[in-house]
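Some structures are shown below for you to check.
Common to both upcoming complexes is subunit A, partnered first by subunit B, then by subunit C.
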Partner chain A sequence: MIYNLYIFNSAGDCLYYSEWRRKKQTDMSKDEENKLVYGMLHSLKSFVARISPDTSDSFQSYQTSTYRLSMYETPSGVKFVMNTGLELSLQSAREILHSLYKEVYVEFAVKNPMLSLQSPIDSELFRDKLEAFINSKMRE
Partner chain B sequence: MSRSRSAVDPKRVSSELFSLTYGCMVAQLLKDFENPEEVNKQLDTMGYNIGVRLIDDFLAHTPSVTRCTTLEEVAEILCKQGFKMFLGIVPEVRNWSASKDKFSLVISENPLAEYVELPPHCQDTLWYSNIICGVIRGALEMVQMDVKCTFVGDTLRGNDSTEIEIKFVKILEDSLPAGED
Partner chain C sequence: KAVVSTQSTGIEQSSGIKELHTEKFTLRCFQTITGVKFFVIVDQKQTGCEHLLLRIYELYTDYVLKNPFYPIDMPIRCELFDQNLRKVIEQVERATAYNSATLS
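Showing the complex of A and B:
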(Lines of atoms letter the chains of each structure in order from A and count residues from 1; the text may use other names and numbers.)
(Lines give C-alpha, C1' and ligand atoms only; values in the text may rest on other atoms or scores of the structure.)
Protein backbone atom coordinates (compact mmCIF):
# COMPACT_ATOMS: atom_id res chain seq x y z
CA MET A 1 0.00 0.00 0.00
CA ILE A 2 1.54 3.29 -1.08
CA TYR A 3 0.50 6.18 1.14
CA ASN A 4 2.19 9.21 -0.36
CA LEU A 5 5.11 10.41 -2.45
CA TYR A 6 7.39 13.44 -2.47
CA ILE A 7 9.88 14.39 -5.18
CA PHE A 8 12.62 16.88 -4.24
CA ASN A 9 15.30 18.38 -6.45
CA SER A 10 18.89 18.93 -5.35
CA ALA A 11 18.15 22.42 -4.03
CA GLY A 12 15.45 21.14 -1.69
CA ASP A 13 12.45 22.37 -3.64
CA CYS A 14 9.52 20.00 -3.59
CA LEU A 15 8.82 19.26 -7.24
CA TYR A 16 5.84 17.04 -6.67
CA TYR A 17 3.65 15.65 -3.92
CA SER A 18 0.83 13.19 -4.19
CA GLU A 19 -1.09 11.10 -1.68
CA TRP A 20 -3.27 8.08 -2.05
CA ARG A 21 -4.12 7.23 1.54
CA ARG A 22 -3.51 9.48 4.47
CA LYS A 23 -5.69 8.91 7.50
CA LYS A 24 -4.03 11.50 9.70
CA GLN A 25 -3.18 14.99 8.46
CA THR A 26 -0.46 17.12 10.01
CA ASP A 27 -1.34 20.57 11.27
CA MET A 28 1.31 22.24 9.09
CA SER A 29 0.94 23.92 5.73
CA LYS A 30 2.17 22.01 2.68
CA ASP A 31 5.21 24.28 2.47
CA GLU A 32 6.19 23.71 6.07
CA GLU A 33 5.70 20.00 5.75
CA ASN A 34 7.87 19.77 2.64
CA LYS A 35 10.60 21.78 4.28
CA LEU A 36 10.42 19.59 7.35
CA VAL A 37 10.66 16.37 5.36
CA TYR A 38 13.56 17.65 3.28
CA GLY A 39 15.39 19.06 6.28
CA MET A 40 14.99 15.81 8.16
CA LEU A 41 16.32 13.79 5.23
CA HIS A 42 19.24 16.14 4.78
CA SER A 43 20.17 15.85 8.46
CA LEU A 44 19.75 12.09 8.43
CA LYS A 45 21.95 11.74 5.36
CA SER A 46 24.68 13.74 7.01
CA PHE A 47 24.32 11.87 10.32
CA VAL A 48 24.37 8.46 8.65
CA ALA A 49 27.51 9.27 6.69
CA ARG A 50 29.34 10.52 9.78
CA ILE A 51 28.41 7.64 12.08
CA SER A 52 28.92 4.97 9.43
CA PRO A 53 31.32 2.27 10.69
CA ASP A 54 32.24 1.28 7.16
CA THR A 55 32.76 3.18 3.92
CA SER A 56 30.51 6.15 3.36
CA ASP A 57 26.97 5.10 2.62
CA SER A 58 23.63 6.75 2.12
CA PHE A 59 20.40 6.83 4.09
CA GLN A 60 17.73 4.60 2.55
CA SER A 61 14.75 4.27 4.86
CA TYR A 62 13.22 4.37 8.30
CA GLN A 63 10.44 2.25 9.70
CA THR A 64 7.83 2.65 12.41
CA SER A 65 5.20 0.19 13.63
CA THR A 66 2.77 1.35 10.95
CA TYR A 67 4.71 2.66 7.95
CA ARG A 68 8.04 2.76 6.19
CA LEU A 69 9.60 5.80 4.59
CA SER A 70 11.87 4.88 1.68
CA MET A 71 14.15 7.29 -0.13
CA TYR A 72 15.86 6.87 -3.47
CA GLU A 73 18.44 9.55 -4.24
CA THR A 74 20.05 9.89 -7.64
CA PRO A 75 23.65 11.07 -8.03
CA SER A 76 22.18 14.20 -9.59
CA GLY A 77 20.54 15.06 -6.28
CA VAL A 78 16.91 14.23 -7.07
CA LYS A 79 15.22 12.57 -4.11
CA PHE A 80 12.18 10.33 -4.37
CA VAL A 81 10.54 9.79 -0.97
CA MET A 82 7.70 7.36 -0.48
CA ASN A 83 5.71 6.32 2.56
CA THR A 84 4.34 2.80 2.31
CA GLY A 85 2.69 0.19 4.48
CA LEU A 86 4.94 -2.42 6.05
CA GLU A 87 3.79 -5.22 3.80
CA LEU A 88 5.83 -3.69 0.97
CA SER A 89 9.48 -4.64 1.40
CA LEU A 90 12.22 -2.03 1.29
CA GLN A 91 13.65 -3.71 -1.78
CA SER A 92 10.31 -3.44 -3.61
CA ALA A 93 9.86 0.15 -2.52
CA ARG A 94 13.29 1.11 -3.85
CA GLU A 95 12.62 -0.75 -7.08
CA ILE A 96 9.38 1.16 -7.49
CA LEU A 97 11.18 4.45 -6.87
CA HIS A 98 13.93 3.60 -9.34
CA SER A 99 11.37 2.66 -12.00
CA LEU A 100 9.51 5.85 -11.24
CA TYR A 101 12.70 7.81 -11.84
CA LYS A 102 13.46 5.99 -15.08
CA GLU A 103 10.00 5.62 -16.61
CA VAL A 104 8.10 8.66 -15.40
CA TYR A 105 10.44 11.40 -14.12
CA VAL A 106 13.07 11.16 -16.88
CA GLU A 107 10.57 10.55 -19.67
CA PHE A 108 7.93 13.15 -18.80
CA ALA A 109 9.64 15.75 -16.63
CA VAL A 110 13.32 15.84 -17.64
CA LYS A 111 12.70 15.34 -21.33
CA ASN A 112 10.08 18.08 -21.43
CA PRO A 113 12.04 21.23 -22.34
CA MET A 114 9.17 23.51 -21.31
CA LEU A 115 9.18 22.22 -17.76
CA SER A 116 11.38 23.92 -15.19
CA LEU A 117 12.96 21.53 -12.72
CA GLN A 118 13.54 24.27 -10.14
CA SER A 119 9.89 24.74 -9.20
CA PRO A 120 6.88 22.46 -8.63
CA ILE A 121 6.07 20.40 -11.70
CA ASP A 122 2.92 21.70 -13.28
CA SER A 123 2.23 19.22 -16.05
CA GLU A 124 -0.95 17.25 -16.58
CA LEU A 125 0.92 14.66 -18.60
CA PHE A 126 3.39 14.08 -15.78
CA ARG A 127 0.61 13.86 -13.22
CA ASP A 128 -1.38 11.39 -15.29
CA LYS A 129 1.61 9.20 -16.05
CA LEU A 130 2.70 9.16 -12.43
CA GLU A 131 -0.78 8.30 -11.14
CA ALA A 132 -1.11 5.54 -13.74
CA PHE A 133 2.30 4.17 -12.79
CA ILE A 134 1.57 4.12 -9.06
CA ASN A 135 -1.86 2.60 -9.58
CA SER A 136 -0.36 -0.18 -11.67
CA LYS A 137 2.21 -0.85 -8.93
CA MET A 138 -0.49 -0.98 -6.25
CA ARG A 139 -2.47 -3.50 -8.21
CA GLU A 140 0.46 -5.91 -8.41
CA MET B 1 27.67 10.25 -52.27
CA SER B 2 25.81 6.99 -52.76
CA ARG B 3 25.78 4.07 -50.45
CA SER B 4 24.41 0.64 -51.31
CA ARG B 5 21.96 -0.74 -48.82
CA SER B 6 19.90 -3.89 -49.15
CA ALA B 7 17.35 -2.86 -46.53
CA VAL B 8 16.84 0.40 -44.72
CA ASP B 9 18.41 0.22 -41.28
CA PRO B 10 16.35 2.52 -39.04
CA LYS B 11 19.28 3.27 -36.74
CA ARG B 12 21.48 4.44 -39.62
CA VAL B 13 18.77 6.63 -41.05
CA SER B 14 18.12 8.43 -37.84
CA SER B 15 21.81 9.10 -37.24
CA GLU B 16 22.06 10.75 -40.64
CA LEU B 17 19.03 12.82 -39.81
CA PHE B 18 20.72 13.79 -36.56
CA SER B 19 23.92 14.85 -38.32
CA LEU B 20 21.95 16.80 -40.91
CA THR B 21 19.81 18.48 -38.26
CA TYR B 22 22.87 19.48 -36.28
CA GLY B 23 24.54 20.81 -39.41
CA CYS B 24 21.50 22.91 -40.32
CA MET B 25 21.47 24.30 -36.82
CA VAL B 26 25.14 25.33 -36.92
CA ALA B 27 24.68 26.85 -40.38
CA GLN B 28 21.71 28.86 -39.13
CA LEU B 29 23.63 30.02 -36.06
CA LEU B 30 26.45 31.20 -38.32
CA LYS B 31 23.97 33.13 -40.41
CA ASP B 32 22.30 34.67 -37.35
CA PHE B 33 25.41 35.57 -35.37
CA GLU B 34 27.93 35.91 -38.21
CA ASN B 35 30.81 35.73 -35.73
CA PRO B 36 32.15 32.16 -35.30
CA GLU B 37 33.34 32.92 -31.75
CA GLU B 38 29.80 33.86 -30.80
CA VAL B 39 28.53 30.66 -32.39
CA ASN B 40 31.00 28.67 -30.27
CA LYS B 41 29.53 30.30 -27.18
CA GLN B 42 25.97 29.62 -28.28
CA LEU B 43 26.76 25.98 -28.97
CA ASP B 44 28.31 25.67 -25.52
CA THR B 45 25.22 27.20 -23.89
CA MET B 46 22.89 24.92 -25.81
CA GLY B 47 25.04 21.96 -24.85
CA TYR B 48 24.93 23.02 -21.20
CA ASN B 49 21.12 23.07 -21.24
CA ILE B 50 21.09 19.63 -22.81
CA GLY B 51 23.67 18.30 -20.35
CA VAL B 52 21.79 19.28 -17.19
CA ARG B 53 18.89 17.11 -18.34
CA LEU B 54 20.78 14.39 -20.17
CA ILE B 55 22.52 13.40 -16.95
CA ASP B 56 19.23 12.18 -15.44
CA ASP B 57 18.52 10.11 -18.54
CA PHE B 58 21.99 8.59 -18.26
CA LEU B 59 21.74 7.92 -14.52
CA ALA B 60 18.29 6.35 -14.82
CA HIS B 61 19.59 3.87 -17.38
CA THR B 62 22.80 3.04 -15.54
CA PRO B 63 21.79 2.48 -11.91
CA SER B 64 25.17 0.95 -11.10
CA VAL B 65 26.85 4.33 -11.51
CA THR B 66 27.29 6.30 -8.29
CA ARG B 67 28.67 9.78 -7.82
CA CYS B 68 32.31 9.91 -8.92
CA THR B 69 34.93 11.08 -6.48
CA THR B 70 37.92 11.33 -8.82
CA LEU B 71 38.46 12.70 -12.30
CA GLU B 72 39.74 9.28 -13.37
CA GLU B 73 36.39 7.69 -12.56
CA VAL B 74 34.68 10.46 -14.48
CA ALA B 75 36.85 9.87 -17.55
CA GLU B 76 36.16 6.16 -17.46
CA ILE B 77 32.38 6.45 -17.12
CA LEU B 78 32.13 9.38 -19.52
CA CYS B 79 33.85 7.55 -22.33
CA LYS B 80 32.86 3.94 -21.84
CA GLN B 81 29.23 4.55 -20.87
CA GLY B 82 28.17 8.13 -21.51
CA PHE B 83 29.45 8.64 -25.02
CA LYS B 84 28.61 5.04 -25.90
CA MET B 85 24.99 5.46 -24.83
CA PHE B 86 24.26 8.69 -26.64
CA LEU B 87 26.62 8.92 -29.59
CA GLY B 88 27.55 5.29 -30.06
CA ILE B 89 31.27 6.02 -29.91
CA VAL B 90 33.93 5.39 -27.28
CA PRO B 91 36.51 8.19 -27.23
CA GLU B 92 40.06 7.52 -26.08
CA VAL B 93 41.33 9.05 -22.87
CA ARG B 94 44.82 10.52 -23.21
CA ASN B 95 47.28 13.12 -21.99
CA TRP B 96 46.70 12.97 -18.27
CA SER B 97 48.40 15.86 -16.53
CA ALA B 98 50.89 15.07 -13.78
CA SER B 99 48.51 16.18 -11.06
CA LYS B 100 45.68 14.17 -12.62
CA ASP B 101 43.44 17.22 -12.85
CA LYS B 102 43.31 17.41 -16.63
CA PHE B 103 42.86 14.92 -19.45
CA SER B 104 42.02 14.80 -23.13
CA LEU B 105 39.28 12.95 -24.93
CA VAL B 106 40.15 11.93 -28.46
CA ILE B 107 37.26 11.19 -30.80
CA SER B 108 38.22 9.12 -33.82
CA GLU B 109 34.88 9.24 -35.63
CA ASN B 110 32.63 12.16 -34.88
CA PRO B 111 29.01 11.38 -35.83
CA LEU B 112 28.08 15.06 -35.78
CA ALA B 113 30.61 15.98 -38.44
CA GLU B 114 30.02 13.12 -40.84
CA TYR B 115 29.36 15.10 -44.01
CA VAL B 116 30.90 18.39 -43.01
CA GLU B 117 33.51 20.65 -44.53
CA LEU B 118 34.14 24.01 -42.90
CA PRO B 119 33.96 27.13 -45.08
CA PRO B 120 37.19 29.19 -45.20
CA HIS B 121 35.93 32.13 -43.15
CA CYS B 122 35.48 30.03 -40.02
CA GLN B 123 38.20 27.48 -40.72
CA ASP B 124 40.33 28.79 -37.86
CA THR B 125 37.74 29.95 -35.35
CA LEU B 126 34.69 27.70 -35.32
CA TRP B 127 34.58 24.60 -33.13
CA TYR B 128 31.86 22.75 -35.01
CA SER B 129 31.01 20.20 -32.32
CA ASN B 130 31.27 22.61 -29.42
CA ILE B 131 27.87 21.49 -28.22
CA ILE B 132 29.60 18.40 -26.82
CA CYS B 133 31.70 20.55 -24.50
CA GLY B 134 28.56 22.19 -23.15
CA VAL B 135 26.87 18.84 -22.61
CA ILE B 136 29.81 17.49 -20.61
CA ARG B 137 30.03 20.67 -18.52
CA GLY B 138 26.28 20.72 -17.80
CA ALA B 139 26.04 17.04 -16.98
CA LEU B 140 29.01 17.09 -14.61
CA GLU B 141 27.73 20.20 -12.87
CA MET B 142 24.59 18.28 -11.91
CA VAL B 143 26.75 15.73 -10.13
CA GLN B 144 28.49 18.53 -8.27
CA MET B 145 31.67 18.65 -10.34
CA ASP B 146 32.83 21.90 -11.91
CA VAL B 147 34.94 21.34 -15.03
CA LYS B 148 36.23 23.42 -17.87
CA CYS B 149 35.71 21.71 -21.20
CA THR B 150 37.23 23.00 -24.43
CA PHE B 151 38.16 21.80 -27.89
CA VAL B 152 41.89 21.76 -28.58
CA GLY B 153 41.81 20.21 -32.02
CA ASP B 154 39.38 19.22 -34.72
CA THR B 155 39.98 17.20 -37.90
CA LEU B 156 37.54 19.60 -39.58
CA ARG B 157 40.08 22.35 -38.99
CA GLY B 158 42.94 20.31 -40.34
CA ASN B 159 44.32 19.21 -36.96
CA ASP B 160 45.55 15.66 -36.48
CA SER B 161 42.76 14.65 -34.19
CA THR B 162 39.44 15.78 -32.75
CA GLU B 163 40.39 16.39 -29.15
CA ILE B 164 38.51 17.82 -26.16
CA GLU B 165 40.40 18.90 -23.05
CA ILE B 166 38.62 18.48 -19.73
CA LYS B 167 40.07 20.29 -16.74
CA PHE B 168 38.84 19.77 -13.21
CA VAL B 169 38.06 23.01 -11.41
CA LYS B 170 36.39 22.08 -8.13
CA ILE B 171 33.80 19.97 -6.39
CA LEU B 172 30.59 21.96 -5.87
CA GLU B 173 29.15 21.86 -2.39
CA ASP B 174 25.65 20.48 -1.97
CA SER B 175 23.59 23.57 -1.32
CA LEU B 176 21.54 23.65 1.85
CA PRO B 177 17.91 24.67 1.60
CA ALA B 178 17.07 28.15 2.86
CA GLY B 179 16.63 28.39 6.58
CA GLU B 180 18.86 25.45 7.44
CA ASP B 181 22.19 25.78 9.18
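Showing the complex of A and C:
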Protein backbone atom coordinates (compact mmCIF):
# COMPACT_ATOMS: atom_id res chain seq x y z
CA MET A 1 0.00 0.00 0.00
CA ILE A 2 1.51 3.29 -1.07
CA TYR A 3 0.39 6.16 1.15
CA ASN A 4 2.00 9.24 -0.28
CA LEU A 5 4.92 10.65 -2.23
CA TYR A 6 6.99 13.83 -2.03
CA ILE A 7 9.55 15.01 -4.56
CA PHE A 8 12.08 17.60 -3.33
CA ASN A 9 14.79 19.41 -5.25
CA SER A 10 18.30 19.95 -3.92
CA ALA A 11 17.31 23.26 -2.31
CA GLY A 12 14.54 21.64 -0.29
CA ASP A 13 11.57 22.94 -2.25
CA CYS A 14 8.76 20.48 -2.74
CA LEU A 15 8.39 19.88 -6.46
CA TYR A 16 5.52 17.46 -6.21
CA TYR A 17 3.25 15.88 -3.65
CA SER A 18 0.55 13.26 -4.08
CA GLU A 19 -1.35 11.07 -1.63
CA TRP A 20 -3.35 7.93 -2.13
CA ARG A 21 -4.23 7.00 1.39
CA ARG A 22 -4.07 9.25 4.37
CA LYS A 23 -6.09 8.60 7.49
CA LYS A 24 -4.81 11.45 9.59
CA GLN A 25 -4.05 15.00 8.53
CA THR A 26 -1.45 17.03 10.37
CA ASP A 27 -2.82 20.38 11.43
CA MET A 28 -0.22 22.38 9.61
CA SER A 29 -0.22 23.86 6.14
CA LYS A 30 1.22 21.97 3.19
CA ASP A 31 4.23 24.29 3.23
CA GLU A 32 4.98 23.63 6.87
CA GLU A 33 4.57 19.91 6.44
CA ASN A 34 6.93 19.85 3.46
CA LYS A 35 9.50 21.80 5.42
CA LEU A 36 9.10 19.42 8.35
CA VAL A 37 9.62 16.35 6.17
CA TYR A 38 12.58 17.88 4.36
CA GLY A 39 14.14 19.07 7.61
CA MET A 40 13.78 15.62 9.13
CA LEU A 41 15.39 14.01 6.10
CA HIS A 42 18.23 16.47 6.17
CA SER A 43 18.90 15.71 9.84
CA LEU A 44 18.67 11.97 9.20
CA LYS A 45 21.14 12.21 6.35
CA SER A 46 23.74 14.04 8.41
CA PHE A 47 23.09 11.71 11.37
CA VAL A 48 23.74 8.68 9.16
CA ALA A 49 26.87 10.24 7.68
CA ARG A 50 28.28 10.82 11.14
CA ILE A 51 27.27 7.60 12.87
CA SER A 52 28.11 5.23 10.07
CA PRO A 53 30.92 2.78 10.88
CA ASP A 54 31.90 2.99 7.25
CA THR A 55 32.67 6.02 5.13
CA SER A 56 30.31 7.64 2.64
CA ASP A 57 27.06 6.07 3.73
CA SER A 58 23.63 7.32 2.71
CA PHE A 59 20.26 7.12 4.40
CA GLN A 60 17.77 4.92 2.57
CA SER A 61 14.75 4.21 4.70
CA TYR A 62 13.26 3.94 8.16
CA GLN A 63 10.25 2.12 9.51
CA THR A 64 7.96 2.52 12.46
CA SER A 65 5.34 0.13 13.76
CA THR A 66 2.88 1.23 11.06
CA TYR A 67 4.68 2.59 8.00
CA ARG A 68 7.93 2.72 6.10
CA LEU A 69 9.49 5.85 4.67
CA SER A 70 11.85 5.27 1.76
CA MET A 71 14.03 7.86 0.13
CA TYR A 72 15.73 7.78 -3.23
CA GLU A 73 18.22 10.54 -3.88
CA THR A 74 19.75 11.26 -7.26
CA PRO A 75 23.30 12.59 -7.63
CA SER A 76 21.75 15.93 -8.65
CA GLY A 77 20.09 16.20 -5.25
CA VAL A 78 16.51 15.41 -6.21
CA LYS A 79 14.86 13.40 -3.42
CA PHE A 80 11.92 11.05 -3.89
CA VAL A 81 10.28 10.28 -0.55
CA MET A 82 7.60 7.64 -0.32
CA ASN A 83 5.55 6.38 2.65
CA THR A 84 4.31 2.83 2.30
CA GLY A 85 2.65 0.21 4.46
CA LEU A 86 4.83 -2.44 6.08
CA GLU A 87 3.48 -5.21 3.85
CA LEU A 88 5.59 -3.75 1.07
CA SER A 89 9.16 -4.96 1.59
CA LEU A 90 12.09 -2.59 1.82
CA GLN A 91 13.42 -3.97 -1.45
CA SER A 92 10.10 -3.48 -3.27
CA ALA A 93 9.79 0.08 -2.04
CA ARG A 94 13.28 0.87 -3.31
CA GLU A 95 12.53 -0.74 -6.65
CA ILE A 96 9.34 1.28 -7.00
CA LEU A 97 11.21 4.51 -6.33
CA HIS A 98 13.95 3.60 -8.77
CA SER A 99 11.44 2.72 -11.52
CA LEU A 100 9.48 5.85 -10.75
CA TYR A 101 12.60 7.90 -11.29
CA LYS A 102 13.53 6.07 -14.48
CA GLU A 103 10.12 5.66 -16.11
CA VAL A 104 8.19 8.68 -14.96
CA TYR A 105 10.45 11.46 -13.68
CA VAL A 106 13.16 11.22 -16.35
CA GLU A 107 10.72 10.60 -19.19
CA PHE A 108 8.04 13.16 -18.36
CA ALA A 109 9.68 15.77 -16.17
CA VAL A 110 13.35 15.95 -17.09
CA LYS A 111 12.75 15.46 -20.81
CA ASN A 112 10.04 18.10 -20.85
CA PRO A 113 11.65 21.31 -22.21
CA MET A 114 8.83 23.43 -20.78
CA LEU A 115 9.48 22.39 -17.18
CA SER A 116 11.95 24.05 -14.87
CA LEU A 117 13.02 21.47 -12.34
CA GLN A 118 13.63 24.11 -9.71
CA SER A 119 9.96 24.94 -9.26
CA PRO A 120 6.89 22.78 -8.56
CA ILE A 121 6.12 20.40 -11.42
CA ASP A 122 3.02 21.66 -13.13
CA SER A 123 2.41 19.18 -15.90
CA GLU A 124 -0.78 17.22 -16.42
CA LEU A 125 1.06 14.57 -18.38
CA PHE A 126 3.49 14.03 -15.52
CA ARG A 127 0.64 13.85 -13.03
CA ASP A 128 -1.29 11.35 -15.13
CA LYS A 129 1.73 9.17 -15.79
CA LEU A 130 2.69 9.18 -12.13
CA GLU A 131 -0.82 8.27 -10.96
CA ALA A 132 -1.01 5.49 -13.55
CA PHE A 133 2.40 4.19 -12.50
CA ILE A 134 1.50 4.13 -8.80
CA ASN A 135 -1.89 2.55 -9.45
CA SER A 136 -0.26 -0.21 -11.48
CA LYS A 137 2.21 -0.85 -8.65
CA MET A 138 -0.60 -1.02 -6.09
CA ARG A 139 -2.48 -3.57 -8.15
CA GLU A 140 0.50 -5.93 -8.21
CA LYS B 1 13.14 12.25 15.28
CA ALA B 2 10.53 10.04 16.91
CA VAL B 3 8.28 13.04 17.40
CA VAL B 4 8.61 14.14 13.79
CA SER B 5 8.09 10.67 12.42
CA THR B 6 4.88 10.21 14.36
CA GLN B 7 3.67 13.71 13.50
CA SER B 8 4.36 13.62 9.81
CA THR B 9 2.71 10.28 9.27
CA GLY B 10 -0.78 10.19 7.86
CA ILE B 11 -1.51 7.07 9.86
CA GLU B 12 -2.85 6.98 13.37
CA GLN B 13 -1.14 5.26 16.29
CA SER B 14 2.34 5.03 14.86
CA SER B 15 5.32 4.43 17.09
CA GLY B 16 8.64 6.19 16.73
CA ILE B 17 11.30 4.93 14.36
CA LYS B 18 11.96 1.23 14.92
CA GLU B 19 14.46 0.58 12.16
CA LEU B 20 16.65 2.76 10.02
CA HIS B 21 18.29 1.43 6.89
CA THR B 22 21.24 2.80 5.00
CA GLU B 23 23.51 1.39 2.36
CA LYS B 24 26.01 0.02 4.81
CA PHE B 25 24.20 -0.60 8.10
CA THR B 26 20.87 -0.95 9.87
CA LEU B 27 20.02 0.77 13.12
CA ARG B 28 17.41 -1.05 15.22
CA CYS B 29 15.65 0.35 18.23
CA PHE B 30 13.84 -1.19 21.16
CA GLN B 31 11.91 1.12 23.44
CA THR B 32 10.66 0.15 26.88
CA ILE B 33 7.45 1.43 28.38
CA THR B 34 9.45 3.66 30.71
CA GLY B 35 11.14 5.34 27.75
CA VAL B 36 14.55 3.67 27.90
CA LYS B 37 15.76 3.09 24.36
CA PHE B 38 18.16 0.39 23.24
CA PHE B 39 19.85 0.89 19.88
CA VAL B 40 21.93 -1.62 17.95
CA ILE B 41 23.82 -0.87 14.79
CA VAL B 42 24.21 -3.98 12.67
CA ASP B 43 25.24 -4.82 9.14
CA GLN B 44 22.86 -6.07 6.47
CA LYS B 45 23.59 -9.73 7.13
CA GLN B 46 22.61 -9.67 10.77
CA THR B 47 19.43 -11.55 11.68
CA GLY B 48 17.64 -11.96 14.98
CA CYS B 49 17.90 -8.35 16.10
CA GLU B 50 14.57 -8.32 17.94
CA HIS B 51 15.76 -11.28 19.95
CA LEU B 52 19.13 -9.64 20.58
CA LEU B 53 17.50 -6.46 21.80
CA LEU B 54 15.25 -8.40 24.16
CA ARG B 55 18.25 -10.27 25.59
CA ILE B 56 20.09 -7.01 26.13
CA TYR B 57 17.00 -5.69 27.90
CA GLU B 58 17.05 -8.80 30.08
CA LEU B 59 20.69 -8.14 31.00
CA TYR B 60 19.85 -4.52 31.71
CA THR B 61 17.11 -5.47 34.16
CA ASP B 62 19.25 -8.15 35.80
CA TYR B 63 22.57 -6.34 36.21
CA VAL B 64 21.65 -2.71 36.20
CA LEU B 65 18.16 -2.25 37.60
CA LYS B 66 18.47 -4.98 40.21
CA ASN B 67 21.74 -3.49 41.39
CA PRO B 68 20.97 -1.63 44.64
CA PHE B 69 23.99 0.64 44.11
CA TYR B 70 23.05 1.79 40.64
CA PRO B 71 21.87 5.43 40.51
CA ILE B 72 18.89 5.56 38.15
CA ASP B 73 19.41 7.32 34.82
CA MET B 74 23.16 7.60 35.27
CA PRO B 75 25.75 6.11 32.90
CA ILE B 76 26.05 2.39 33.46
CA ARG B 77 29.35 1.37 35.04
CA CYS B 78 28.81 -2.25 35.88
CA GLU B 79 31.39 -4.87 34.97
CA LEU B 80 28.96 -7.78 35.14
CA PHE B 81 26.68 -6.02 32.69
CA ASP B 82 29.58 -5.40 30.27
CA GLN B 83 30.84 -8.98 30.57
CA ASN B 84 27.48 -10.58 29.97
CA LEU B 85 26.69 -8.16 27.19
CA ARG B 86 29.90 -9.15 25.44
CA LYS B 87 28.97 -12.83 25.83
CA VAL B 88 25.52 -12.30 24.33
CA ILE B 89 26.98 -10.40 21.37
CA GLU B 90 29.52 -13.16 20.75
CA GLN B 91 26.76 -15.77 20.89
CA VAL B 92 24.66 -13.91 18.37
CA GLU B 93 27.64 -13.39 16.04
CA ARG B 94 28.50 -17.08 16.19
CA ALA B 95 24.89 -17.99 15.44
CA THR B 96 24.81 -15.64 12.46
CA ALA B 97 28.12 -16.98 11.15
CA TYR B 98 26.82 -20.53 11.53
CA ASN B 99 23.57 -19.67 9.74
CA SER B 100 25.33 -18.03 6.82
CA ALA B 101 27.79 -20.92 6.62
CA THR B 102 25.04 -23.53 6.50
CA LEU B 103 23.07 -21.50 3.96
CA SER B 104 25.99 -21.04 1.55
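Just so it is clear, the second predicted complex is superposed on the first by the 140 of 140 C-alpha atoms of A that agree within 3 Å, B and C clash if a C-alpha of one lies under 4 Å from a C-alpha of the other, contacts with A are read in each partner's own complex, and residues count from 1 in each chain.
Basically, contacts are C-beta pairs under 8 Å (C-beta built on N, C-alpha and C of every residue); 3 or more make two chains touch, one makes a residue touch a chain.
On a predicted model such as this, the values are computed, not experimentally measured, just so you know.
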| item | value |
| --- | --- |
| Subunit C versus subunit B on the shared subunit A, clash or fit after superposition | fit |
| Which superposed partner A:Ser52 touches (first subunit B, second subunit C, both, neither) | second |
| Which of subunit B and subunit C A:Val81 touches, first, second, both or neither | neither |
| Vertex subunit A; arms to subunit B and subunit C (CA centroids, nearest 10 degrees) | 120 |
| Subunit C versus subunit B, contacts on subunit A by residue | C |
| Partner chain in contact with A:Arg22 - subunit B first, subunit C second, else both or neither | second |
| Touching partner for A:Tyr101 - first (subunit B), second (subunit C), both, neither | first |
| First, second, both or neither for A:Lys35, with subunit B first and subunit C second | first |
| Which superposed partner A:Val110 touches (first subunit B, second subunit C, both, neither) | first |
| After superposition on chain A, the shortest CA separation from subunit B to subunit C (Å) | 12 |
| Overlap of subunit C and subunit B interfaces on subunit A (superposed complexes) | 39 |
| For the subunit A and subunit C complex, residues of the former touching the latter | 3-4, 19, 21-26, 33, 36-37, 39-40, 43-44, 47-48, 51-54, 57-67, 69, 83, 90 |
| In the complex with subunit A, residue positions of subunit C that touch it | 1, 4-25, 27, 41 |
| Complex interface listing, subunit A residues touching subunit B | 10-13, 35, 38-39, 42, 74-78, 98, 101-102, 105-106, 110-111, 113, 117 |
| Subunit A-touching residues of subunit B, taken from the complex the two chains share | 53, 55-57, 59-61, 63, 65-67, 142-144, 174-180 |
